[in-house]
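Letters are used for the chains, namely A, B, C and D, taken in the order the chains are written, and counting of residues starts over at 1 for each.
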Amino acid sequence: MNVLEFESHLHEMEENIEKFRIMSEKDNIDLNKQILDLEKRLKTEKEAVYSKLTPWQTVQIARHAQRPVLEDYINLIFTDFIELHGDRRFSDDRALIGGFATLGDQKLMLIGHNRGNNVTENIERNFGMALPDGYRKALRLMELAERFGLPIVTFIDTPGAYPGIHAEERGQAEAIARNLCEMAKLKVPIVCIVTGEGGSGGALGIGVGNVILMLKHSIYSVISPEGCASILWRDGAFAEQAAESMKITAQSLKKLGVVDEIVSEPLGGAHTNPVATAKSVRSAILKHLRKLNAMKADGLIENRFEKYAHLGVFTS
Amino acid sequence: MNVLEFESHLHEMEENIEKFRIMSEKDNIDLNKQILDLEKRLKTEKEAVYSKLTPWQTVQIARHAQRPVLEDYINLIFTDFIELHGDRRFSDDRALIGGFATLGDQKLMLIGHNRGNNVTENIERNFGMALPDGYRKALRLMELAERFGLPIVTFIDTPGAYPGIHAEERGQAEAIARNLCEMAKLKVPIVCIVTGEGGSGGALGIGVGNVILMLKHSIYSVISPEGCASILWRDGAFAEQAAESMKITAQSLKKLGVVDEIVSEPLGGAHTNPVATAKSVRSAILKHLRKLNAMKADGLIENRFEKYAHLGVFTS
Amino acid sequence: MPWFEMERVDVKTKPPKDAMWIKCKSCKAMIFKSVWIENLHVCPECDFHGKLTARERIDFTLDEGSFKELNESIAPADPLKFECGYGSYAEKIKATNLKTALKEAVITGTGTIQGINVVIAVMDFRFFGGSLGSATGEKILLAADYALKHSMPYIVVSSSGGARMEEGILSLMQMAKTCAGIARLNVKGIPYISILTDPTYGGVTASYSTVGDVNLAEPHARIGFAGRRVIEQTINEKLPDDFQQSEYLMEHGFIDKIVRRTEMKDTLAQILSYCQPAKS
Amino acid sequence: MPWFEMERVDVKTKPPKDAMWIKCKSCKAMIFKSVWIENLHVCPECDFHGKLTARERIDFTLDEGSFKELNESIAPADPLKFECGYGSYAEKIKATNLKTALKEAVITGTGTIQGINVVIAVMDFRFFGGSLGSATGEKILLAADYALKHSMPYIVVSSSGGARMEEGILSLMQMAKTCAGIARLNVKGIPYISILTDPTYGGVTASYSTVGDVNLAEPHARIGFAGRRVIEQTINEKLPDDFQQSEYLMEHGFIDKIVRRTEMKDTLAQILSYCQPAKS
């Protein structure tokens, strides 16, 4: 398990507890009381750290190598996932996948970035950075869902849409823009959840919904803190400050009206307990789908339009 | 001007007339009577040849290097052509073009194969053999026409859709199939005209209409005569026979119900008088558009569906 | 759109009646005949998917005894009085009728898949290389219209060399005709699932078989627009082995899922549970 | 979606007031100032298209005196109380107001083009690199809604470095907001023409500017999703010179037509004669 810098003292405490355990077993000494005490202190300390995480610390949790990815959620809470491949134009993007899936007794179309669980997978999945083909596949699947009245659930977890030469050639910008237009018009409920890193247009390209959820320690921003720092501070080293200024945490985004509900994570972050995290995700999605299922097509479209029409702060 | 084999004796007669003319002028001899006589014989002979053209001779006329191409029609009868480029996905196919155009006082969307007027252009236009990108561009433009209530006119003139590796990769088959489905549903009038070679799926990919017109000496077939011969005779040299068997002339296709009207060509073929040919094309298209414009969207769709539902001969 | 070179494909799907063993065409393993048949003509050693007749496919795809054929009397005419290298089309139709006990290259009907009502059309490659003639197109459209009228999902299993040249332009028109039928299903939200099997080419890939709401394919099925030979002649080079195989098509975005034959029925039932005909 | 590197672009569009001659940035020819202005800042020697302010564009695009501004009072707030390397966003807004006499990066309004009523939005690169902030998005949406309500064609002229980072996620949301407005025009058959000028990048290409019914672009305009530098860093090689120019985008299928500035008004009138708002 990768240890984040700001958690190193927590990690040391955990290692000490483990040492005590081993000692007590090996030498047959009763250290239960000491261990319980240490565990209590660990918990208190952890709560202290996690109750006042800085945005930059949140960035690190959101990008944690062990943070659950779409595939984990598919395995943990969805039954019967049938992946549907291809954009019917050019390729099957592995960074952005989708298919029929069942959550509880709710049949739906599941679409999401899939950055993979290890380096090999990361590379195969291009770290969740999709090509235009991925966004076009997503749109095809959303239209399929619409045809058969299935609600759409999207999982957002990407550093951004891929900024490469083929992406430009095949119209990364157009592919995302087209999705923004078409998602506005879909006649079925759309629930989006940011589970890790919600990176800019690459996130938004599958992120127009009736309800936007966000895991507590995920982030969502218009540009990466590093990118923002290198432009507005002319030095990438100001990333921490940029993370602070840009207001990229779930808490800030809820206040700005961009996010409708924050989904809780276990103490220590989603990666410390994927099962519990997935359960929270499951019930949050199901709760909102139940409400949205009661709405008619026109109402869903109007609801979505009004939501976005009111986002933004300006003077007049 | 290229001379077709079966026309070589006509060509000789034309050359003789020309010689007489030069002689009469140079030597100041009155040969008017002789010239008039020769011209009369030429006309009679031409009529004889053209009144009983074989299918294989028609193939040669349809493929004549000087036969007018889309660009000629654009210059001769359309005013105000605004070419619209690109499929908004991958490329701008030069073999299949389209855009806003005006015919008489009729504003419309013009789409057609464009094989070019000389070898340089032929190569640039890939001899009118489109890639999937071309068919997807055509569909985009047809949907644009539908949005603004413009009728669609397609000019068909292709040896076939391009059979290459990139065409397969990008889904030549799917692109054509998608057009067949979508053209069936379009809410605006569609008039198609085969002006040269109507080659198989590559022709049909822009060839689903309410009215199908065909120039008198154009051809339209499921496979080239050469291709048919090489499969069903196991020898491409039987192309002439295949052309005969397959019934690929305008006259045959009208009998089979595939073509609604034959548009006349000047004696000697369209290439001998592009202006007159274009005029016939113009009035045929306008005549049918006037009728179709009076129909409502549902009626147009139903009319198109019924047309195709009844094509085919079988026993039951 | 060249017709698939049917003559190069071995259209026998059954072993000689007296043989006890079948030799797998791919891995050359000797398979006990009853195992081969029970395994739906899939090699247990290398997963090679052998040919099947339309009837055989219907048998394992639908619930037992549920199939009811539609329009079985529709059969080819010979509108062009077509004569070619092999003789006359009319004669060959008769000979093929006798040899295959088929009247056309497609069998259509209704049935159930794990209890779900469906309309199904299954092509048979033995009949003129599964080519798309007037009668083929008519049956495929009528089945689509039946699905439309009764709000039932429509499944088409393709296997075809492409257009039926012997019917000339009328064969080409079947592409537009069948697609018009599919378009009407799309508009009404009637599910349409296309299953592509080895080989599917030309006029069939350029019409109904590539525009499914969901496109499924069997492993290693050869699927393409133009035939390999035509492309090699055009580009003047050899093509890679996996060119035009279903895996290649999936990579390029045209196949939703590759499904092993032995899992096809379950997969169809699973997919159909998501694709409910929209209430009109 | 990196914000276009506005600092590298010379945002001055007018020559110093006392100069008689302008030096063309591209061919270095010396152009008489009055010729330069009369020619809409296009070099008569090499056809280089120089920068223009939004007002200048409105002047030559619409019929004289026909422009009526909409929502001119809408201006940026500072929802995040944003502070960064250059200081505070709030201060920079004030400074930019003074320098440019603009309240936002877009001017919207109504007018006529050869007598045809239109709604138009024109971006001005001088205001925060034409970046897409909350007020920008609001004005673009309100103009779209005006077009919808009055069944008038909508024209947007883009010139932008992308999102306005100083407004964080709210800037990103303007992409969805403006596209929702365009989607409503599409549904009702109201024509929407997008004109892309140098440079248009990031959040603006990834929203309203690439989804026109017709997408027009000026010659050699740089248009892209990611900035050149970001791509070069990603792929670790130099990009060709014409990469991301409008001609390149047209070749790749994303631009309908490249239109010289001096022909833009005629072209718009011509196109609008085909794109009539559908009667509802």
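In this section, contacts are C-beta pairs under 8 Å (C-beta built on N, C-alpha and C of every residue); 3 or more make two chains touch, one makes a residue touch a chain.
Bear in mind that the values here come from a model prediction, so they are computed numbers and not experimental data.
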Reaching subunit C from subunit B through chains that touch each other, fewest steps: 1
Inter-centroid spacing, subunit C versus subunit A (mean Cα positions, whole Å): 42
Chain centre separation (subunit A, subunit B; CA means) in Å: 54
CA centroid of subunit A to CA centroid of subunit D, Å: 33
Touching two or more other chains - residue numbers and ranges from subunit A: 88-90, 170-171, 174, 178
Residue numbers of subunit D (touch at least two other chains): 186, 252-254
Chain contact graph, described as a line, ring, star, complete graph or other shape: other
Chain-to-chain touches, reported pairwise for every pair that qualifies: A-B, A-C, A-D, B-C, B-D
Residues of subunit B that touch subunit A when the two form their complex: 88-90, 136, 170-171, 174, 178
Subunit C residues touching subunit B - in the complex, by the definition given at the top: 1-3, 5, 71, 73-77, 79-80, 82-86, 133-135, 137-138, 141, 163, 165-177, 179-184, 186-187, 202-203, 205-211, 224-226, 230-231, 234-235, 239, 243-244, 252-254
In the complex, subunit B residues that touch subunit C: 160-165, 167-174, 176-178, 180-185, 200-202, 204-205, 207-208, 220-223, 227-229, 231-235, 238, 241-242, 245-248, 253, 256, 258, 304-305, 308-309, 311-316
Complex contact set, residues of subunit C against subunit A: 186, 189, 191, 213-214, 250-257, 267, 270-271, 273-276, 278
Contacting residues of subunit B [partner subunit D, same complex]: 80, 82-92, 100, 107, 133, 137, 144, 147-150
